[in-house]
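Okay, so chain A shows up in both of these, paired with chain B first and chain C after.
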Partner chain A sequence: MISTTLAADTNEESSPKHSRLNRFFRVLFKRKIVLVSAVTVVVIVFSAVFAPLVAPYDPYEPNFLARLQKPSWQHPLGTDSLGRDTLTRIIYGSRASLQVGFMAVFVASSIGMVLGLVAGYFGGIINTIIMRSIDALMSIPMMVLALAIASLLGGGLLNVIIALGVAMVPAYARVVCAQALSVKQNDYVTAFRSIGASHLRTLMLRVAPNCLPPLFIVMTMQMGIAILVEAGLSFLGVGISDPEASWGSMVSEGYAYLYEAPFLSFAPGIAIILIVFSFNMIGDGLRDALDPKLRGVI
Partner chain B sequence: MKAERFDKTKKVLDVQNLRTDFVTDYGLVKAVNGVSYHVNEQEIVAIVGESGCGKSVGLLSALQLIPVPPGKFVSGRIMFEGRDLLRLKQNGTEMRSIRGSKISMIFQEPMSSLNPGLTIGFQMTEGLMLHLKMDRKKANKKAIELLGRVGIPDAEKRMNDYAHQFSGGMLQRVMIAMSISCNPKLIIADEPTTALDVTTQAQVLELLCEMVREFRASLIIVTHNLGVVARYAQRLYVMYAGRVVESGTSKEIFSNPQHPYTIGLLGSIPRLDDSDDASLVPIKGAPPNLIDLPDSCAFYPRCSHRTDACDQSRKVEMRHVEGEHYAACHADVQVKTITELKKKDTQKRPIDKKAEPLVVIEDLKMQFPIRRGLLQRVVGHVNAIDGINLKIYPGETLGLVGESGSGKTTLGRCISRIYEPTGGKIWFEGQDIVKLPEKKRRSLTRKISMIFQDPYGSLDPRQSAASIVGDPLKIHGLVKGGKEYKERIEELFGLVGLHPSMMGRVPHEFSGGQRQRIGVARSLACDSSLIICDEPVSALDVSIQAQIINLFVELQEGISGLTYLFIAHDLSVVKHISSRIAVMYLGRIVEVTDSKTIYKDPLHPYTQSLLASIPIPDPFIEQKRDHSVLQGEIPSPLNPPAGCTFHPRCPIADQKCKEGIPSLATVRENHEVACFKA
Partner chain C sequence: MGGYIIKRLGQALIVVLLVTVLVFLLIRLLPGDPILLYVSGDVVSGAVSDEVIADLRREHGLDRPMYIQYVNWLWQILHGDLGKSIFLNDTVVNEISRAVPKTVMIGSLGLLLAVCLSIPLGVLAAVRRGTWIDTLVTLLANSGITIPVFWLGIMLIQIFSLQLGWLPTQGYTSVFDDFGAGVKSLILPVVCLSVVPLCALTRQTRSSMLENIRMDYIRTAWSKGLSEGLIIMRHALKNSLIPVVTVFGLMARITIGGQILIETVFNIPGMGRLAVEGLQNQDYAIVQGVVLVIAIIVTGINLIVDLSYGWLDPRIRNN
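Now for the complex of A and B:
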């Protein structure tokens, strides 16, 4: 019988990995808005990295002859109270915003993942201790928590990242914990244990990789939130402060001149909306593309 | 059948040339492709076929219960009470007044076909009030009466219970009560017992047929279990790839199967009354993908009787055989009887009974603590395994059977040391692996491996097949270097009948049967001497199941000393593959003997009733068999009955059984029973 089934098994040969990736991108970009969002993020990241080449002016050099100008051909988005070009400062500000977004999410997801995995996999008293502490942390509104940590540590990019990183841990820990609880029930985890794998090995090689998909979705969603909270912190003056530019601090500075030069606040505000929206849309798209129910269809 | 005053030839439901398509991203799926079937008054008709052959869709179409889109009723007529149901509006009043009232349905999963948030009583009365226009009081009375009729004790009290407070078998009884509540003309039961234990299956089916007779309804059973068909159905339709390939009365088809697919199905299933030297004749390959299927014979690629005429001719028409018997096959297939077909030249290898046992289990106990409250305090114990003594000899297959909840899986997992037994000893190769510290144990227990039931859940979806199979090699460091590793994996792939070119694929690119082959390859990686197979074929289709069973048999013939502990609830599968069988009930072993004796001369009343509840796929034999079914359900191990745990369900229990616990005693050579009456 073996020989006959062998013949039946070999008649379809394809390059599976390749087509799987294709499928993933096809589903991901099936909705046009996701594609537009992805392009937006790519453009913003690109301009942040190559800011000195892209930006038309120097972001720090004051020009008192051109204070609070309206949008014009020289200054497409006008200038601020020190005569610095708003477009240039938005481009440079995206560096801070994106760094905060990526780094805070990285810090939070790393800590959250370890805590969630350990809590979910081992369960029992370990789960209780970790998750109840996480609940306690979660009971404090994120903005307030970040504000408290940031004011304790002082301003600056690094401290904002740390503050946000800690404040966002609960979201990851909970998602990963819930995921680990269900993944560890799977037979393939039992199977791996039954062939003699240790707990650590099982956790790292079987449970952790299968907890990742929902984590990616949370990460993209939280990216937007991190940028938003950073803007909030800078707006409140405990984040990034002049002369360093960040979108939040720019909204805050422009606030004083809302009537004379509305663009000063609006432009960075719109930038914030744009990137937060884009990240959320990508998160939505990822959720569809990573949906296990869609996986394995043909 | 009893002669009753009704018109046997009057058709209740007459489906003609029905076609239902599904429009998907990948192409047009012709799920039901020109199917005609009918049900006469007070007739029990079965529709048989493997999963994905369009059985359910064909029936759901009759009630227009297919979501449109993606579904699409392309053509056909569904005549019921002189009307064409396909012409009615899908959700119009007329269609709704037929559904659940004149035609009612029973689904496979009773747990998910009842609303978990509403009481049983509420759901029972809903239909009565809607279709029969009863008021609440009257409906309540009627519902209680019906629940009592289908054998739900304390019906009045249980009206206020929710679905999760019932067992699966009880829920299916509720579903039956619900389906007959509006005096239907026709009941459609879609795999009504697939999710249930064999004993419960027998109870539920007996009840269903009794109800159908009592209420003078007709019944369509959709099933893949040919035994059920042989026991209950008068006529049957065999479906394959969206078409009916053979139809006729049960006796006609079972005695003279004409279509190669039907022959294949009959050859694929192990039967309780198979002789010892029987081997299964599986259908090769796997069912086809229904997307853009050609109009010619869909079974052609798998057919062992195909001729040149098959491929070219465009469409296969139903050919009249005799009486009501039709088959959709060009060839006039003349086969030997199925029994002859299954005959094998080689004998099972005799087991060396004098050999030292490979595993000796002494008084094994496994208790699970029950924790309650905020502090997770232990408030009690579940005795999942309550003192088991068992020997497994090298080279044999020991079958382990019993209803779900009897502790079969727990025993397997104790031996493979996934669970830490709470008492007793397990001797493996001369060492007690319960006491051994983990470091020492690992090198020993690598020779014990496992195969799981669910071919989807037991393989990591993110890993390639090669790395799944190679896991044990890496963990135990059994190979040196990449070349040896690759060679070993190729060898393992070859052993289980997978082509090495498929090594890079991930599990979801394999079919169910192929996945199970990967599981088998993984279990063989460490040169295991004992493989614990936990329901390894119960999730597979009949034809695939036969392929995997044959693989197990071939491996054992090829690898000397390979021993299986084969856990399954399907006694006919276990009987086919095992040399000895142990029957478990509530954490204890009640009977151990060789597989021939257990069928011919079972001594424990539980074994006897298990055997009686398994239908044999042959209507002639089924007519003669005693259909008395085991009453009641397996008690919760949380609160087992005193004395012999089987006494509440036992037909021959007396005072002694209520007080003492019978221990497993040898009554004759190689036959141990735990019963006072044996």
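Now for the complex of A and C:
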């Protein structure tokens, strides 16, 4: 199916670059669910950026006359124990989730890319040292490692980003290392070396760019994982805590009032599922569009 | 096969040794002084002098240089001594050995449930590709892996404990003490923990089966006149299992991570709770012990996963 689309595209389009981009988007959005997910992410990002304009209430202002209300026309998702509007806090909570997601993935992929490139390109003892350390890091479950780092650093947005940034390194290092190992065997790499390019130049100009497609796919898929772990940390009280809005701590607060206001922890959980599902679907779509060979591998 | 096992075992030992370095450094390099935290209440009232603090530091070996602390710590571990908890007033080994059975029980039952359901579901979806069964299974599996496990726990408590009153809201009863109550207290945590591995394994079984079903040797099996059941179970499934086993290893790790959350939701005094409390108290010894034991369990599971590759694929063990 993919190859026939490719053939059709090259016939239609005169400029090869244009047709490649065209094909990329066509394959990416071939499944409707990917398109719906992309729209969902755009809407959530938009409402996070323009939260003060979109949200109906103030996220921090308590209103003790409207505590633990059921969903109504005034408060579509009810209110919390301080009378703050749940919908408003979910909109503001998306800021924490998205910031942690993007920044942690950025930190982890940068470190992982460097480690993976060096390990894969140089091989031998360097590879053994780096990858065995990565194995050791991986044998501590991400949730445990992130929890340990975040609580030792003391919680808060920045510390959660650092904790997740470190805890997620192994996934990137392994993918990039595997990719670099196979890329460096190509003739164009040998050719580049033989015209006198240094190791650093070869790594930056020939090997690294070819490791990017799988990296992008893993980055998208790890967005969802980062958001889930952030929610878990905030749920345990070592992530982002009151008065800042975070979906994880909202679920935790709702748990304390489960009997009086069951809706309180229900709504933020749905928000988490929605955004994680969307990022996963985009990741699947990207994988099909960038590198269908990776199906079942990533 | 013997050489393969020895090689993998050696690698696992190196990983465990690196983990000890990692855990040690992690705890020491990050801020927070357990002695000051321990006596903080008394410092304010002036009851603790600097000498007492120095004595405490010496008693716990925290006044020595880092590498000596590490070597001493490693030496103690090798003798089965993980140190003493500053807060819980018991040895770390005792604390952990009380917590491990609960965590292992819930975790292994969760994974077992996931495996038992996911492989038939994945095979069914692959064999009935494109039908409504496939669409439903795939949609459920894709949604299931996005559910935050702590939220699911709370929702299940809401439905089955508060609304219907069938199961206890919290706590853990050993099945060896009271079988009925034990089973009841296990149901919700086990179901919660099984959801993510169940969905991930279903997805992997399906996609890996789909790949193998198209292979030439499957057509050969058909043309030999074998029955559908035999072709699927003996030929397609066994060859599809390697990536599934890889995902199983990954899921075992995620399940242990998820248990921190689940044990908090259901108030189960397992390893996860112990880790969370240890971190809240900045209790070095407990945190080190728990993380180390978890890492050893994970490395053990990875070892079994690696060895099963050798069993599933002769090419791997002969290489």
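Note that in this section the second predicted complex is superposed on the first by the 278 of 298 C-alpha atoms of A that agree within 3 Å, B and C clash if a C-alpha of one lies under 4 Å from a C-alpha of the other, contacts with A are read in each partner's own complex, and residues count from 1 in each chain.
Assume a contact is a pair of C-beta atoms (placed from the backbone, for glycine too) under 8 Å apart; a residue touches a chain by one contact, two chains touch by 3 or more.
Remember, it's a predicted structure, so these values are computed and weren't measured experimentally.
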Winner by number of chain A residues touched, once chain B and chain C are compared: C
Which superposed partner A:Gly124 touches (first chain B, second chain C, both, neither): first
Contacts of A:Met281 with chain B and chain C, given as first, second, both or neither: second
Touching partner for A:Gly196 - first (chain B), second (chain C), both, neither: first
On chain A, the residue positions that both chain B and chain C contact, one per complex: 295-297
Residue ranges of chain C in contact with chain A within the complex: 11, 14-16, 18-19, 21-23, 26-27, 30-32, 142-143, 145-152, 154-155, 157-158, 162, 204, 207-208, 211, 243, 253-254, 256-258, 260-261, 264-265, 275-276, 279-280, 282, 287, 291, 294-295, 298-299, 302
Complex contacts: residues of chain B adjacent to chain A: 26, 282, 284-286, 289, 291, 302, 376, 413, 416-418, 442, 445-446, 449-450, 452-454, 457-462, 471-472, 475-476, 496-499, 501-502, 504-506, 508-509, 514, 519, 522, 525-526, 547, 550-551, 554
Residues on chain A engaged by chain C in the complex (per definition of touch): 132-133, 135-144, 147-149, 151-154, 224, 228, 231-232, 235-236, 238, 248, 251-252, 254-255, 258-259, 262, 265-266, 268-269, 272-273, 276-277, 280-281, 295-297
Residue numbers on chain A that touch chain B, as the complex places them: 1-10, 13, 16-17, 20, 124-125, 128, 186-188, 190-197, 201, 206, 209-210, 292, 295-298
